[in-house]
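Multiple structures follow.
Common to both upcoming complexes is chain A, partnered first by chain B, then by chain C.
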Partner chain A sequence: MISLVLILIASLFFMGIIIRTKSITSGRKGPGIFQPMKDIVRLWKKGAVYSETTSFIFQIAPSIYFASILMAVLVIPFGSYGGVISFNGDFVFFAYVLALGKFFSIIGALDTGSSFEGMGASREALYSLLAEPAFFILMGSFALFTGHTSFVDIFTSLHFGTYISYALGILATFILIMIAMIENSRMPIDDPKTHLELTMVHEVMILDNSGFDLGLILYGTHLKFAMYGALIANFFTDSFPFYISIPIFLAVQFIFAIIVGMLESFNARFRMGNNAQFIFTLTSLSLLIFFGVLLILKKII
Partner chain B sequence: MTNVLLITYLMSLIYLSIANRLMSYVQILAFQGLLLFASSFIELAEMNPINLTFVLLETIVFKTIAVPLFLRYTIKQNNFSREAEPYLPNFVSLIIVTSIIVITFLLSNMIEDIKLNKVYFVTALSSLFVGLYIIGSRKKIITHVMGFLIIENGVFILSLAVGNEMPMLVNSGILLDLFISVLLLGVFLNKIGDVLKDVDVNQLRNLKD
Partner chain C sequence: MTIFLIYSILVALTLLLIPIVHVRLKGIITLSVVFINAILSGIVVFPVLLGENFEIIFSGTLITGEIPIRIDALSAWFILIINFTIVTGAIYGLNYMKTYKNQTANISIHCIAYLLMQMSLIGICVIQNSLVFLFAWETMAFSSFLLIIFEHHKHATLKAGINFLIQSHVSILFLTVAFIWVYYRTDSYDFNSIILFSENYPTIISFGLYLFFFIGFAIKAGFVPFHTWLPYAHPASPSHISGVMSGVIIKIGIFGILRMLLLIHTDFTVLGSVILIFSVISGVYGVMLAIIQHNIKTLLAYHSIENIGIIGIGIGLGTIGIGENNSTLVLLGFGGGLLHVLNHSLFKSLLFYAAGNVYQATHTLDIEKLGGLIKSMPHTAILFLIAALAICGLPPFNGFVSEFLIYSGLFNGIENKALLNVFIFLFSILGLVLIGGLALLCFTKAFGIIFLGTARHHFHDTVKEAENGKLVPMYLIALFIITIGIFPQFFIHLLNKPIQLFTNKINQPTELISTFQLYETMQYIGLCALGFMVLTLSIFWLRAKITAKKSKIIATTWGCGYTGNPEKMQYTASSFIRSYRKLIEPLLLIKKHKIELIGVFPKNGAHKTHPLDKMEEWLITIPLKKLYFIFGKFRFIQNGNAQLYVLYGAIFITLIIAAPFLYNALLKLIEFINLI
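Then we have the complex of A and B:
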């Protein structure tokens, strides 16, 4: 329960911090921290306009997308306190409920019949497909490392101690940050500021959405960022009391947002053709984590 | 600690497979030299001091500074294009290098010898194969030299594993390293550069009847 409340709080200011960081690094003052949230509330007050060529799928897709992210947030634990729902193997549930949402956002985009949106949907599908093995090998190695298969048990019994486990923790944090960037279609993969449909990935899929639906999709992005931030924060908040672990959580979210802002300010977007190999690199790195875990467990000497 | 260094070494091999520019290859080689310096510093503590100093100096001076600088100089001098020019797309290279690492891992797991240090063995063997793959899949002569240097690094890692028991093995590996780097960089490259005015190996194909 506590994790749900904290993630909702973090999602309110996360995007604002990213935008603030980007403004400061480019020498501007920038909007307030809560400005993106205010924009979303404004969108929520509006009605939606639907194209005549679309069917009911286009109308329900944003809601299912948002609901899937909310479901995924429910299984995220906070330290040793479980999420709202928690069972053995819930990280598989986590990955595939997100995939269900992504599937609906993809067929919603295809439903409009616009060629641009079909192109964006194809790219989004490819990138999620390539990022999935990285996440599973990563979580699978941690499941092997701790001997448990649910998020809360994994994070409760995750104890670092040796040099190599610290190295693996840093590597896992890096991979999770990169997976968050891919899932949210942010900078190294996709530029959220671009104005050319041919180079868009996620933005081109939501061109036809408006009003309330657009608000849901945008807030879904904020929630996803806060969700991955919470996953990363769980590496650092092992079984401290609340008055230490909650500031750690907020600090990790804050630093994560600043890192994303920095990445977006100082990195150029990759060429579209190079994205596939970049995402596959994450799988290779998580394989190294897997081998490292085997090393710690003395499965190999 | 050496395990962390060796895992970082494997990561540098993965990066090598997707690097586009020759300069990143040179930087990776320098970085690998640094990793080898650190791991030999930690691993070879029982060696006698003079020999240890020799090994450490070799890794830091030759592997980390001299060879990368000379490669850089050669690239600048001969006006090579900055791309690595692989025969295969980088994505395929990445998959091949990853599967090389996985296969060597499985292979070493089949060996049931307690005395064999598996981490060293996996790193060394995959470094050997990645070096061979780099030689086979890149067009330029200079990248062939770099592939050979990566094989050298693999041999060095393998000799590190037994360095405390057999110091002579490390020394002979280093001598081979010195010899090969001087030979390759000095004689071989300059000759080909002078005679053919170009260092693309595809030009050598014209020599056959």
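Then we have the complex of A and C:
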């Protein structure tokens, strides 16, 4: 329960910090950190324009997409405090419920019959499919490492002892950041600020969404960021009491947002054709973690 | 016993009756007999699933010996699945075949074959005499051949049917060899002699025996590389037959594999790894090829291969569990595999029926020509969507439950002591994840292009929604899919006895996860599924509340400034998967046919891609070509000269008459050599 509240709080300012970081690095002052949230609230109050091509799929897709993210958030634990939903193998549920949301956002885009949105949908489907193995191998390594298969048990019994395990923690953090970037269609993969439909991935999929639905989709992105931030924070909160772990959580979210902002400021987007290779590299990185775990457990050597 | 008698008499009478009655009655009679048979066998089988054992031994004939009919929980589980799919298939087929009602004789054969198929499938599950088993197997193969070639005036259909028949017989060949092997050593056709055989001979020999059975059954199940008949047979047959074939006929191969696992004692760890590797390859290869298909039914056929792979991963996992005395793996592996057998039979038959609806409404199976059907066929679209979500293994539907079980098993198994097993499990996890992701790509393509957007092709007739007669069985299946998603614990409970058959093979079980714990987790997943539905509904309700008073404008899709007819500008199936195709191209065999645009006024520019099956090319087409070449060398023998043919005959007769003499001469020669 605590994790749900914290993630919801973090989702309010996360995007604001990213935008602020980007403004500062480019020499501007930038808007307040709650501005993106205010924009979303404004969208929620607006009416909508629907394409005549669309069917009911287009109407239900954003709601289901949002519900899937909310459902995934419910699975995330906070240190040794389990999420609202917690059972053995819950990370499989986490990944698959997110995939359900993705399914609906893709068919929602295809429902408009627009060539641009089809293009975005095609790319999104491919990238998320390529990113999935990295997450599963990462979780598989931790399952092997700790002997547990639920988020909360893994994070409770995850103790960094040796030097190798620190390296693994850093690698895991890196992979999770990259997965978060891919899942949210951010910089190295996709540029949310691009002005050309041909080079968009996620943005082009939601070209036809407006009003409440668009608000839901955008807030979904914020939530997703905060959710991955919470996952990363779990590596560091260990089993400290609340007055230490909550500040750590917020600090991790804060730093994560700044890293994202920095990445977006100083990185150029990859060429579309190279994205697939890059995403697959993540899988090999997670394999590195797997072998690291085997090393620690003395299964090899 | 009486039930058996009623059953056989009923089938025999109907088989006689069908050719005589009016064409309209044929279907109804078949449906009702299929239904009665399903209920009869259900009555016998259901108590078995809950724990009773059932055994009748018929005296049989001099040749076959005693014919034991044994029904255990495994057969019971499969019989119930078979009956459900066959009944829904019959209801759907009754309405589907209305279009062909003037082909009276053809329909008679079709109905008879359908009945025979049901009987032989049930027979395969219960008969434990290898000779009679093979007889039932052959009946099944032949009746499905007749069902496939319903539209036999089409060349492609006939070819697909013959392809199926030949491959079925290769499968029978392997089974026959294996059964004869056992008979030769034990002098009995009873299945129990297989247990004796494998206990009395070294593990390596029983392993070899298992491989023979495995190949025989894998051809039927469609494991890669024995899958090549599947993508031809499914599109060729009428939709209800494709549904039944994908739903249960290929599952009978899985049944065989499981049955032999129960009978043969061998090194289960190695065997499990072999099955696991075969399955992962089948799964990934199946879905990889499925994505690039443009024919709905071929696409679905390749997906069957993928799902057989998933089932196989479960079975392999469980088998390793037996080998390692790890009851958790057995529970999760076989539990997941067996549940996926049921799940796949549900959503795959639903998908094929939906494809049938689309085919009868538009008369095409080419995805590229379809589009925007959701407006004219909303029911079919919703049903297809439910099945598509389920087949991708997404919660809150049934596919997730079985895939979750298999995932849990793999993550549990990765803590294995042996390093080799750790890598095999890692490989399987990687495979399963890829399968999931690729299936998502495939079904967003299939659903998105067929049902969404606007029409890509103008059809002669207006596209109409299918009749209620077709939709009712489909909704029945969809209901089942959702029920399993929400109440998985109930179905896991039903699987208790079948799984126990496998747990019993473990000598000293080390219990890590008890069945009880599994029920709890399943209940939890069911609750999560329900919770997700409630959450979605409440968000939707909130949305409706908030947007009720807001303005709603209907406008054209954003075309980047282009306001003309965007119909031809839509993304097509090929363009949707283009980046994937580019990525995967080195692994597959895709023939491209391109006519470039040349000159100031270019004409007839075209670009066609034909996805070919690389395995088929390597294992069937190229060896066949080589065979043609070799046998072509002997073509001079067949030169059409009557005199020479008489000469061949004369030589042949002489050889036959001379055979004993030659044999004697040979013996003498050997004696002579021995003397020296």
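Here, the second predicted complex is superposed on the first by the 301 of 301 C-alpha atoms of A that agree within 3 Å, B and C clash if a C-alpha of one lies under 4 Å from a C-alpha of the other, contacts with A are read in each partner's own complex, and residues count from 1 in each chain.
Just so it is clear, a contact is a pair of C-beta atoms (placed from the backbone, for glycine too) under 8 Å apart; a residue touches a chain by one contact, two chains touch by 3 or more.
This one's a predicted model, so the numbers in the text were calculated from it and none came from an experiment.
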Message: In the overlaid three-chain picture, which partner chain does A:Leu288 touch, first (chain B) or second (chain C), both, or neither?
response: first
Message: A:Gly211 in the overlay: touching chain B, chain C, both, or neither? Say first, second, both or neither.
response: second
Task: Would you check which partner chain A:Ala61 touches, where first means chain B only, second means chain C only, and both and neither mean what they say?
output: neither
- request: Could you tell me if A:Ile154 is touching chain B, chain C, both of them or neither one (first, second, both, neither)?
  value: neither
Message: After the superposition on A, what does A:Ala276 contact: first (chain B), second (chain C), both or neither?
response: both
- prompt: Which chain, chain B or chain C, is in touch with more residues of chain A?
  reply: C
Message: If we overlay the two complexes on their shared chain A, which of chain B and chain C does A:Ala226 touch? Say first, second, both or neither.
response: neither
Query: For A:Glu132, is the partner it touches chain B (first), chain C (second), both, or none of the two (neither)?
result: second
Message: Taking the superposition on A as described, I'd like to know which of chain B and chain C A:Met119 touches: first, second, both or neither.
response: second
Field: First (chain B), second (chain C), both or neither touched by A:Ile76
entry: neither
Task: Could you tell me which stretches of chain A are touched by chain B in one complex and by chain C in the other?
output: 276, 283, 300
Message: List the residues on chain A that touch chain B in their complex, please.
response: 163-164, 167, 274, 276-278, 280-281, 283-285, 287-288, 291-292, 295, 300-301
Message: Give the list of chain B residues in touch with chain A in this complex.
response: 1, 3-4, 7-8, 10-11, 14-15, 18, 90-91, 94-95, 97-98, 101-102, 105, 108-109, 114, 116-119, 122
Complex contact set, residues of chain A against chain C: 44-57, 60, 63-64, 66-68, 70-71, 85, 87-89, 92-93, 96-97, 99-100, 102-103, 106-107, 110-119, 121-123, 125-126, 128-130, 132-133, 136-137, 139-140, 143-144, 147, 149, 197, 207-208, 211-213, 216, 272-273, 276, 283, 290, 294, 299-300
- prompt: So in the complex, which bits of chain C are touching chain A?
  reply: 371-372, 374-375, 378, 381, 385, 389, 392-395, 400, 403-404, 407-408, 410-412, 414-415, 419, 422, 426, 429-430, 433-434, 436-438, 440-441, 443-445, 447-449, 452-454, 513, 520-521, 524-525, 528, 531-532, 535-536, 539-540, 543, 546-547, 550-560, 566-567, 569-571, 575-580, 582-583
